[in-house]
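Letters A, B, C and D mark the chains in the order given here, with residues in each chain numbered from 1 onward.
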Amino acid sequence: MALTRAIEERGLSLYKQGKIPGSFYDGRGQEATAVGATFALGPADPVCPLIRDLGAHVVRGTTATSILAHYLGRADGVSRGRDGNIHFGEAQRGVVGMVSMLPDMMAVAVGMAWAFRLRGEQRCALSFFGDGATSVGDWHEAMNLAGLQRVPAIFVLEHNGYAYSTPSARQFVVDPLERAALYGIAGVAVDGNDAEEVFDATRAARERALAGDGPTLIAATTMRMHGHGAHDDASYVPREQLEHWAARDPLERQRDRLRSLGVDVEAIDESVREEIDVATQEALAMPAPEPASALEGVFCEGEAEPLGLGAAPWSGFAGA
Amino acid sequence: MELTYLDAISDALRVALREDERVLLLGEDIGAFGGAFKVTAGLQQEFGVDRVIDTPISEEAIIGGAVGAAIVGMRPVCEMQFADFVACGFDQLVNVAGKLHWRLGLAAPIVVRLPSGGGFAGGPFHSQNPEAWFMHAPGLKVLAPSSAHDAKGLLLAAIADPNPVIFLEHKHLYRRIRGEVPEGFYQTPLCAQTVRDGDDLVVIAYGAMVHAALDAAAEIEEASVRVLDLRSLVPLDERAILDAVHDCAKVVIVDEANYTCAAGAQVASLIAQYGYEDLDGPVVRVATPDVPIPFAPSLERAVLPSAERIRDACRELLAY
Amino acid sequence: MALTRAIEERGLSLYKQGKIPGSFYDGRGQEATAVGATFALGPADPVCPLIRDLGAHVVRGTTATSILAHYLGRADGVSRGRDGNIHFGEAQRGVVGMVSMLPDMMAVAVGMAWAFRLRGEQRCALSFFGDGATSVGDWHEAMNLAGLQRVPAIFVLEHNGYAYSTPSARQFVVDPLERAALYGIAGVAVDGNDAEEVFDATRAARERALAGDGPTLIAATTMRMHGHGAHDDASYVPREQLEHWAARDPLERQRDRLRSLGVDVEAIDESVREEIDVATQEALAMPAPEPASALEGVFCEGEAEPLGLGAAPWSGFAGA
Amino acid sequence: MELTYLDAISDALRVALREDERVLLLGEDIGAFGGAFKVTAGLQQEFGVDRVIDTPISEEAIIGGAVGAAIVGMRPVCEMQFADFVACGFDQLVNVAGKLHWRLGLAAPIVVRLPSGGGFAGGPFHSQNPEAWFMHAPGLKVLAPSSAHDAKGLLLAAIADPNPVIFLEHKHLYRRIRGEVPEGFYQTPLCAQTVRDGDDLVVIAYGAMVHAALDAAAEIEEASVRVLDLRSLVPLDERAILDAVHDCAKVVIVDEANYTCAAGAQVASLIAQYGYEDLDGPVVRVATPDVPIPFAPSLERAVLPSAERIRDACRELLAY
């Protein structure tokens, strides 16, 4: 989690230095949700992270270097310069990189989970999405299909009260969490800024999914502490609201918790700082991709290689 | 064995379901009912409800779900009840399926079957030919068989292909066309085929228009008219097209789709650029004008390219 | 209502005689819903009928002759041969002809109602749709937007338990009526085979809409007594279910009611028969549309003429 | 007054809102926030929340709702946050809006604004040029201004047009291009314009590619190169295209969109058929190859047509 934030902070500063092309999006303040939920998956459970979920990639084992190199559009970044900011995912780690169109990845997660159910595998699929994305027709179709087919899927709603500049009150009348039941989907509310609460809820959802009890929607209440992207100062968010949430910073909470367990948090911080510094140097030293490479790989020429099993160093608690 | 175009498609699905346990059919009313056109009749009975699956009316989720299943190793074949409804699943096709391999190196071997085309008073919403939309969306293959033999062989090739494939099956050929079809498994290559020899003029067509072109060519006794059946629109067999132009010097290109930006526009532009020196006359196109497809037979006949219109276009060009 | 059924019966028999091109769909058994709901509208309230709602057109004043001529694809039919079966609508009567894509017309109804609210007009818009259509993303988007904007819209769900061959249990887990509240939309259940009950519920919904109290979803339980279309024998529907509903025929119920009010029902029947016979003769005598006319009117050349105010002879009770 | 391309668009919206009370803006984050690109900045403050309306993320409902409002007399102008998201509202555009007038004689005067195009490291989901999809859908007008003057004049023409209009505003021109723009109301006609004289070769382009073409032409001192700015793709100014070919005999057609079935394919096919005799050399196309638009500047530059590529293509053709 500390690493997640550190990567994004570094990304943002590189962006502000003009080193990162295009635009830049981060998930400041929402780290606990992505990290907590992804931690609860087994290595064979694919995950579809969204725009605020850098932590999901980190938990699956995507390195700081390859993420920063990705931001920078370098040849050895995750997407080899093909895509930018948070649009990436290491297929070999069971991570499906998001498309921008919200929330298209939900149907993809439903399809993966469906396949697991049909093949009788003990796996589930997880998709994140924001509160604003619940207004899109695809959300409804995916929820409906998931409930009908009782697929082993976990939907994590990152409820930060805003879709870009638009507050929830202009997105829906009734909270999406309440809608879950209407699809035959279990709904659970969690504090999205508490990594362990998110973890516990996800673990329980995973158990339900693997037991054949169908999908769960976990509504994680949280707050986007930055603008939608680096270009957005979020002046539409009342200052008091930000202050309220600043006092509930997920990282600080986890640090306190770790401290009380006797963990040397400062040492972790130090190691993260080092890791990021090294990663930044490595990433900056990487070359830009070869122009001609842009034309390669529109089609798969060989055998279709399915999603990898997620050789994540940390995830898989639930599978343990 | 001699089969109708429709039965050849059914047979391909049966062979695929038998030989590859990863194959899965998804669609509306395709199960016990056998689909709006009975293409899947009997398949659910033979292969079970877990392999021939009735879905709710949810084109986005069907296609997105198929992508999800595909990236974890399945080979889903989706049926749109009519090709027209693919507009409702458009986003998942162009933005998720089409870009997946290029972006993430992740293959999405899905097939989307589109019962397409007019000629039987289907009206504006049951007669469309949407192939050009997908030709203009990188990463999707687009096939359009004209014979029973190719319908089976191309569908089996599509299912075996590691890429998303749009499979246009022409409704008006379903029961009108029959032909020799090999038993069991075979694949038709994704390239064009000369279906009638000739060297004074070549008519380039695909799908149902191949038959109109053959009828037109048969009426022209005063010259030798070749007919080239494209069969695959993506990949487009540019070599075969240019060779035919080289041999014949005169070319008529036929689309059943609406004129502007149709497949035929692409073929014409290819010829105008790379076959220019071989040309002895304008590159003539015959297509449906830019109107919706009308219901009343008198109107529909007036807009869809007929053998007569093609014949007249050939005659005029031959006289050039 | 008797006229509606008579027109459809005649249509079906003309279809079986091979006089009507394409396919044929009717709303046998569901007449009360379309008729009852449309009756409750004012002449300035536009209506978006769906596939089972011939009665809505009839109530708005579209004549039997022009409907039969439409079925037959004649020049003077409602759609001038452009579209067939139930795809039509007389704009000058405030009827928006449906598109096939389900349930696209809901968003259109929301937009109309929205405009009424913004302009402060005392009007509402009504859209019909089936239970199967509620699985489509557009349903969700339209419901969500309608609830958010509290538009004066009435949604009439024709809950016949089937989407083509697919029973509700394979379309959704929770009944769509229950979902209404989750959009901030009032939900009302009615017996869809009781024209007066439907009428009363629609009138109440209209009053709510005009009072600024937002949209209502009326769930009308009914049964499609024929197949999805004339080609479909609906053998997937259990015989007992059809018998159950046959005993609740909406037309018979209304006849009984009228009889008990002293109305000479047989005289009505007789006049309907005469009207239909005349209409059939007139329609059959009409010419096919001029082929060249197919090309006209893709674009509007003059001033955009808004939807008419519905010069329906019968509707407008609620406005009276 | 001198305005940027972006400010010219804002000004057109302001003028339209002032002069026509039927005009209404709909879109995501367009209200207080002023839109992702600030095109609508200040408009909600000036015209109120009932005329500049923040919608939920619901592209289908936005477009369908706009159609509904339009057919009862409003003039809705919808913003897609990026052109890429129009894929999510595709069905309403092609099946509802595009076919409405032809089917029902009912005009749907809506405008859908699409911030389109690449050149600024937007990656595969924020750089697309979807115009050809809509050129291949009868009933939609498609406009693509290249200058501030035309951006305002064409947008005002689009809003006044009784038909659905797709308005492509090129993001990369937003702040890069400025020019003299008349105050108040004026309309730019929907036809092509010669933006540079010449008679040895004509480069045909639209949108941002006009500027690349002008740069290329300026570099070619050895010949006189004309540049034709199409401005309107539907209707396509066939006369102007053929006249230019008649005058110049050599033609290079530029698309920023993907090559296959692009607008340029249509233009090329038009020339190959109707301008064949005027040609002195192949019809050369320069377009983005059939790949998604990459993020990394080195890759993006490699795929988007540049002034250099256009210049080289011209030189090669001039030497023919």
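Here, a residue touches a chain if its C-beta (ideal position, glycine included) is under 8 Å from a C-beta of that chain, and two chains touch if they have at least 3 such contacts.
Everything numeric in this text was worked out from a predicted model, so none of it was measured.
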{"item": "Furthest chain, CA centroid comparison against chain B", "value": "A"}
{"item": "Separation of mean Cα positions, chain D and chain A [Å, integer]", "value": "35"}
{"item": "Distance from chain C to chain A - Cα centre to Cα centre, in angstrom", "value": "45"}
{"item": "Chain A and chain B, separation of their C-alpha mean positions in angstrom", "value": "39"}
{"item": "Set of chain C residues in contact with two or more other chains", "value": "79, 82-83, 87, 99-101, 135-138, 141, 144, 148, 170-172, 298"}
{"item": "Junction residues of chain B - those touching two or more other chains", "value": "56, 58, 60-61, 84, 87-88, 91, 95, 99, 102-103, 124-125, 138-139, 290-292"}
{"item": "Overall pattern in which the protein chains touch one another (line/ring/star/complete/other)", "value": "complete"}
{"item": "Contact footprint of chain D on chain A as seen in their complex", "value": "21-23, 73-74, 79, 81-85, 87, 99-102, 132-133, 135-138, 163-166, 170-172, 236, 288-295, 298"}
{"item": "Chain B-touching residues of chain A, taken from the complex the two chains share", "value": "46, 79, 82-83, 87-89, 91, 96-97, 99-101, 104-116, 118, 125, 137-138, 141-142, 144-145, 148, 297-307"}
{"item": "Of all residues in chain D, those that touch chain C in their complex", "value": "24, 50-51, 55-56, 58, 60-61, 63-74, 76, 91-92, 95-96, 99, 101-109, 138-139, 141, 162-163"}
{"item": "Contact set on chain A toward chain C in their complex", "value": "135-141, 144, 147-148, 170-174, 178-179, 181-184"}
{"item": "Contact set on chain D toward chain A in their complex", "value": "28-29, 32-33, 36, 54, 56-61, 81-82, 84-85, 87-88, 120-126, 289-292, 294-303"}
